[in-house]
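One structure is given below, represented as structure tokens, and several questions about it will come after.
A, B, C and D label the chains in the order they appear, each numbered from 1.
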Amino acid sequence: MEDTNEMKMEFDSYSSNESFARVAVAAFCTRLNPTLEELSDLKTAISEAITNCIIHAYDNQIRKIQIICRIKGQEVEVNIIDHGKGMEDVAKAMEPLYTTRPDLDRSGMGFAFMEAFMDEVQVESTPGEGTCVCMRKKLGCFTHPYA
Amino acid sequence: MEDTNEMKMEFDSYSSNESFARVAVAAFCTRLNPTLEELSDLKTAISEAITNCIIHAYDNQIRKIQIICRIKGQEVEVNIIDHGKGMEDVAKAMEPLYTTRPDLDRSGMGFAFMEAFMDEVQVESTPGEGTCVCMRKKLGCFTHPYA
Amino acid sequence: MGELFQKRGTVLTIRLPKEVDHHHTEAIRCEADRYIEQEHIREIVFDFMDTGFMDSSGIGMIMGRYRNLGMIGGRVSAIHVNERIYKILYLSGVYKVIDITKKREWSNRDEKKGEYGDGRYE
Amino acid sequence: MGELFQKRGTVLTIRLPKEVDHHHTEAIRCEADRYIEQEHIREIVFDFMDTGFMDSSGIGMIMGRYRNLGMIGGRVSAIHVNERIYKILYLSGVYKVIDITKKREWSNRDEKKGEYGDGRYE
């Protein structure tokens, strides 16, 4: 089977598209034969990054969210990109429990979950220009006892 | 709930992406509350158009396929676009049982299925430039007795 | 792939995958033709037990095998066919040339519906 | 939404949707707070019976209700929690402040696994 495979998508930042985005990326990765647990991990991480675009980057205004997804060998790389308000201090934003929107009941656990559920998370952000969250995870390469 | 919603995606023309494309479009339409039968109809029509890009437009070479999907009210519009070899005579290509690849066991039923399963199918094609198949279907607006 | 093909005498049963699309039919076409040529198959039974999705690539696969067997006087049938798959077989006209046996779960519901009522029950 | 909220005395049970994400928690947050304010709720039970997916928006929703109830001395619990949801509650630290009761299907498997073994069985 082919060794690399790429997919891009762009969609409106409606909260109803959160589940669409999770399912689409998961479907794209099916051919890696991920375990159910790996798929749940991937979906949770994507859900966190997409929700952040909607709430934080775009303040609930309807703009575009982009996903670029690459499969190389057994690894998937997912880039989630917005052109929203960006972050001044990425390191601080990534601290567990840190949130700028406690008023919206945000837990500040979004980045912590991305890091817990993916192998690697990199964030690039420019205030006023936008943010790219790049996450990587190896899928389906271990025989997993519970999935 | 919002009244229009748009999604674009682009991916490599690997046959393993056929099921990804079906699932992604179906997931995008979930919020219209489609019946199971409507979802199957939609997935079949999309599968036909994507397969045509892979086999006919690109002769199994790996190039890009684009999907543009819009929801307006209860209707979904799906555009499936390739930049492949195009068709001289669209009307003839759309005749049931007509196929240029009987050697690959094509049935010539692709367009017939798209027309059977969607409310509307329009095809624009330019030889040497590519093809856009535009399909529309109302979803979830009737209470369906079996789904 | 191996375990999806079962040969008994001159009858080959092919247990089809969940999704019978272009991607999945490619390998099945080749393997089925190898059996027809090398193992003197006269009849093919397509088993749709696991199948929930099929598009026209599936129709092409079935008709191609029908043609290949037809030349040597063989026959083709489909078993464990659910409502969706039946719709596809029906619309394509394939139901006219192959024997179709419905999936049990579906047969009751189907009586009420009275549509596509041509297949045998099993 | 109505039928997902059940009030018995001062206990409010909220049957959560299949996917507890940002999209689905928005409406639940508002409705729950309306109950807390207007209907003298002292305890909230989150019922995860139908839930297979949750992200940190769910954690925010639970912690927010915990805070709102905490101010009036109430409590929060989670029932019918499956393995996945438990993992999320565990990682977030929420398991320390709310009572968690596992889903029956999971409790057997869990004994073998011996991980996240803090919740009560039901």
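To be clear about the criterion, contacts are C-beta pairs under 8 Å (C-beta built on N, C-alpha and C of every residue); 3 or more make two chains touch, one makes a residue touch a chain.
Just so we're clear, the structure is a prediction, and the values are computed from it rather than from any experiment.
The set of chains touching chain B and also touching chain D is given as A. Greatest Cα centroid separation from chain B: this falls to D.
In this assembly, the C-alpha centroid of chain C lies 47 Å from the C-alpha centroid of chain D.
A separation of 27 Å divides the Cα centre of chain A from that of chain B.
Centre-to-centre spacing of chain B and chain C amounts to 24 Å, using the average Cα coordinate of each chain.
Centroids of chain A and chain C (each the mean of its C-alpha atoms) stand 41 Å apart.
For chain A, the set of residues that touch two or more other chains comprises 16, 19. Within chain D, not a single residue touches two or more of the remaining chains. Applying the touch definition to every pair of chains gives A-B, A-D, B-C.
Across the complex, chain A is touched by residues 19, 21-23, 25-26, 29, 53-57, 59-61, 63-64, 83-84, 88, 91-92, 109, 113 of chain D. Considering their complex, residues 1-2, 5-12, 14, 16-17, 19-20, 23-24, 27-28, 30-31, 62 of chain B touch chain A. Of all residues in chain A, only 15-16, 18-19, 22, 37, 40, 43-44, 47-48, 51, 54-55, 104-107, 109-110, 112-113, 116, 146 touch chain D in the complex they form.
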